Amino acid sequence: MTSTALLLSGRTMKRFLRTPPLIIIAFVFPVVLMFTILPLYGGLIEDDYIQRLAPLIVLSTATFGMAPSAAGLYADFRAGIFNRLRTMPISAASTVAGRIVGEVLRIVAVAVVAIAVAHIPGFRFTAGPAGVLGFFCVVAVFGAMCTSVSLLVALTGPDEDTVQSALGTPATLAFFLSSGFIPVTAFPGWIQPVVRVNPLSTASEALIGLTGGGPVAAPLLQTLAWAVGLGGLCALLSVRAYRRRAR
Amino acid sequence: MIHDTGVLIGRNLRLSLTTRSFFQLVVSPLVFFAGFAIVLDRLLTLRGVDFGQFLPPAIVMMAMGLAPVSTAFFIGRERQSGMLDRCRTMPINSLSVLIARLGTDAVRSLIPIVVLVAAGHVIGFRFAGVPSAVGFALLAVAFALSFCLGAAVVAIRSPDPESSASALFLPMLPLINLSTVFAPMSVFPDWLEPVIRINPYSVVVDALRALAAGQPVSWWPPLAWIVGLSLFFGLAAVRAFRRA
Amino acid sequence: MTAIVELRHLSKSFGTTVALDGLSLAIPEGSVVGLLGPNGAGKTTLINCLTTLLRPDSGSATIAGHDLLTEPDKVRAHIAVTGQFAAIDETLTGRENLVFFGRLLRLGKDEAKDRAGGLLERFGLSAEADKPVKTYSGGMRRKLDLAASLVVPRPVLFLDEPTTGLDPVSRETLWDTVRDLRSTGVTILLTTQYLEEADQLADRIVVIDHGKVVAEGTAQELKDRVGGGAVCEIRIADPGVREKAMAVLGRSAEGEDGPIVLPAEGVEALAGIVKTLEAAKIEPDDLALRKPTLDDVFRSLTGRPE
């Protein structure tokens, strides 16, 4: 199963690396987003806003990547690849795992680049090598969760357009209503509970903690709970949906 | 040619009646509106900004900024499905395809404006009068169309139109964030001020806010931008459509 | 010979469309079966059911002794498919596609590369092997798609319209490939629109229409059904006259146009036809006696020209 998953994820990576517009969007988008949000909200909020912003940018690669990754699956439906795989003795679980691993590799690669660039306006890791390692692990776990969600929605959704919208809109909402964007206390009181439980907030706080800017344990546990709960559930249901899906 | 264009606009609009369009033109502007309303309310009110008047024009600018993405998307689809080539083999002026696209985009752009003005009403957004409302809509649509022309050029020229459509919203990010769309000038560092002042998004959003409030509008900067961009992209688009 | 593919009363509907209507069929091991039928007859649906892509509504089937519904994984280990529409990765090169599928089917790296190279050569794709598939022509894609189902030999091969879109030389290559595979004991079920192809390749031909088997047998047996020795082919250009001729000759199966074909064994039968036409004062544009072809079978069985 692992070798199959790796083969499949290798293919996902190759496709990604051979589609220049995809690469540009993937790597340029976060950097542009970072540099344009920075002067605006940096001016509105606090001095070392980049410590808050960089983690959010990295995580939003995963959330905003959900719609394109669903589009990739639909491209496979259209190309018939999906059907060919289904006639081969390959387990549904390894196919799903292959998809997830492929997307996570992409997300982490983009995260490395974005974080490197974030050093220019002053982003720093101050919690040692363990913090750095933990940082990218959280990014990977969060990315796996997002990919599972998008996979499930794509496999069970009615058509590509609806699926893309159904993934893009919540991603945008989650982006706004997260404490990665502005601190929880800057939100109106009534919405603060929502902001606090938003997985993008918990993951952002975990990442901020791992760069040495706050508590680690609580947000990390909350993020893991999200990843195992939502991500795990979606992955399991995706395996089922994959077996059932007939096109 | 007027007839052809009319027929094509009719077809384009029918093709627009999709879930995707509904999300693009209604849901997503509302999501952005709500998102920014929640995020910016405290931060801007603290700085003495009249938030109710300030935010709706900002989100309208954002919706206008996204219009070119769908221009490119639809032209890309027409190209891939062979529809564009079919039009070219028929006795239709190839420019009517372009004009019909822009006409359709103009109609499409009006939808989020209406939706956002209605949503803005809830947080206290008001027009000074009917002329100011009409001027507001016209200026916003004209601004959107000048960028749609640029998107048409990209879509016609690019080898992979569907993915270039999504790349098109990249330039919008710096334009919209480094402008007075979401924050007053005083928020930005001084060295950025010249950039922000000259940014077409700044001059247009300032004009929109002035129009809504019934204050005197400085027409020259926004019109210069819109006419300049339209001429530049328009010439390129005409050439691209004739040749492609 | 035992049946390696066996289906019993297989049915599948899409909404109100009945695509397969209680279809039963047994395919002996090592044989090539040609599945013929007009557009929409249910050929692709049948292949999709047998390759585990679609779940039939009722009925059962076994492939290599494994039940399609309860042991799909075992079935998948015995089959290879080339569907009606290409199933390859556009962004990968031809070679990468074949290596990828080979590796997924548990070939080692070198083995997968060797197999890929061999197949690319066999299908005349060596020159383009390292270009991305999106630069391929329609026929090249088709060939690559076929090659992809041959990367790892399987005892049962399904080919859905394998030669559609191929040039004559490539078609010959494919035919040779099918014959080669057959000689190594592979069982092949292929659908086709070309009766000549079925005639050339298939040991047995199954004609289906509206999801049912309407005829089955060797090419010769089917031809005998139309008219053992000979058929009479009448061509009439004028549609009105043609219709009249069909009426007096008691034909209804033929479609809107094309020749009217009647069994005509012996001079007597032929004379009967001519007399009937004479009596109705019908002057055919052309009247000929010839050996029956599968086309005749097809027309008479399905009522549709093919």
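As written, the chain order gives the labels A, B and C, with residue 1 at the start of each chain.
As a working rule, a contact is a pair of C-beta atoms (placed from the backbone, for glycine too) under 8 Å apart; a residue touches a chain by one contact, two chains touch by 3 or more.
As the structure is a computational prediction, the values presented were derived from the model and not from experiment.
Here A-C and A-B are compared, and the pair linked by more C-beta contacts is A-B.
Taking the mean of all protein Cα atoms as the centre, the chain whose own Cα mean lies nearest is A.
Taking each chain's centre as the average of its CA atoms, chain B and chain C sit 53 Å apart. One inter-chain figure worth recording: chain A and chain C are separated by 46 Å, centre to centre, where each centre is the mean of the chain's CA atoms.
If you average the Cα atoms of chain A and of chain B, the two centres end up 29 Å apart.
Under the contact definition stated at the top, the residues of chain A that touch 2 or more other chains are 19. Residue positions of chain C touching 2 or more other chains: there are none.
On the chain C side of its complex with chain A, the touching residues are 48, 51-55, 73, 76-77, 79-81, 83, 85-92, 96, 100-101, 103-105, 132, 148. Touching chain B in their complex are the following residues of chain A: 19, 21-22, 24-25, 28-29, 32-33, 35-37, 39-40, 43-45, 68, 159, 161-162, 164-165, 168-169, 172-173, 175-177, 181-182, 186-188, 191. For chain A in complex with chain C, the touching residues are 4, 7-8, 11, 14-15, 18-19, 79-81, 83-91, 246-247.
Across the complex, chain B meets chain A through its residues 18-20, 22-24, 27-28, 31-32, 34-36, 38-39, 41-44, 160, 163-164, 166-167, 170, 173-174, 176-178, 182-183, 187-189, 192.
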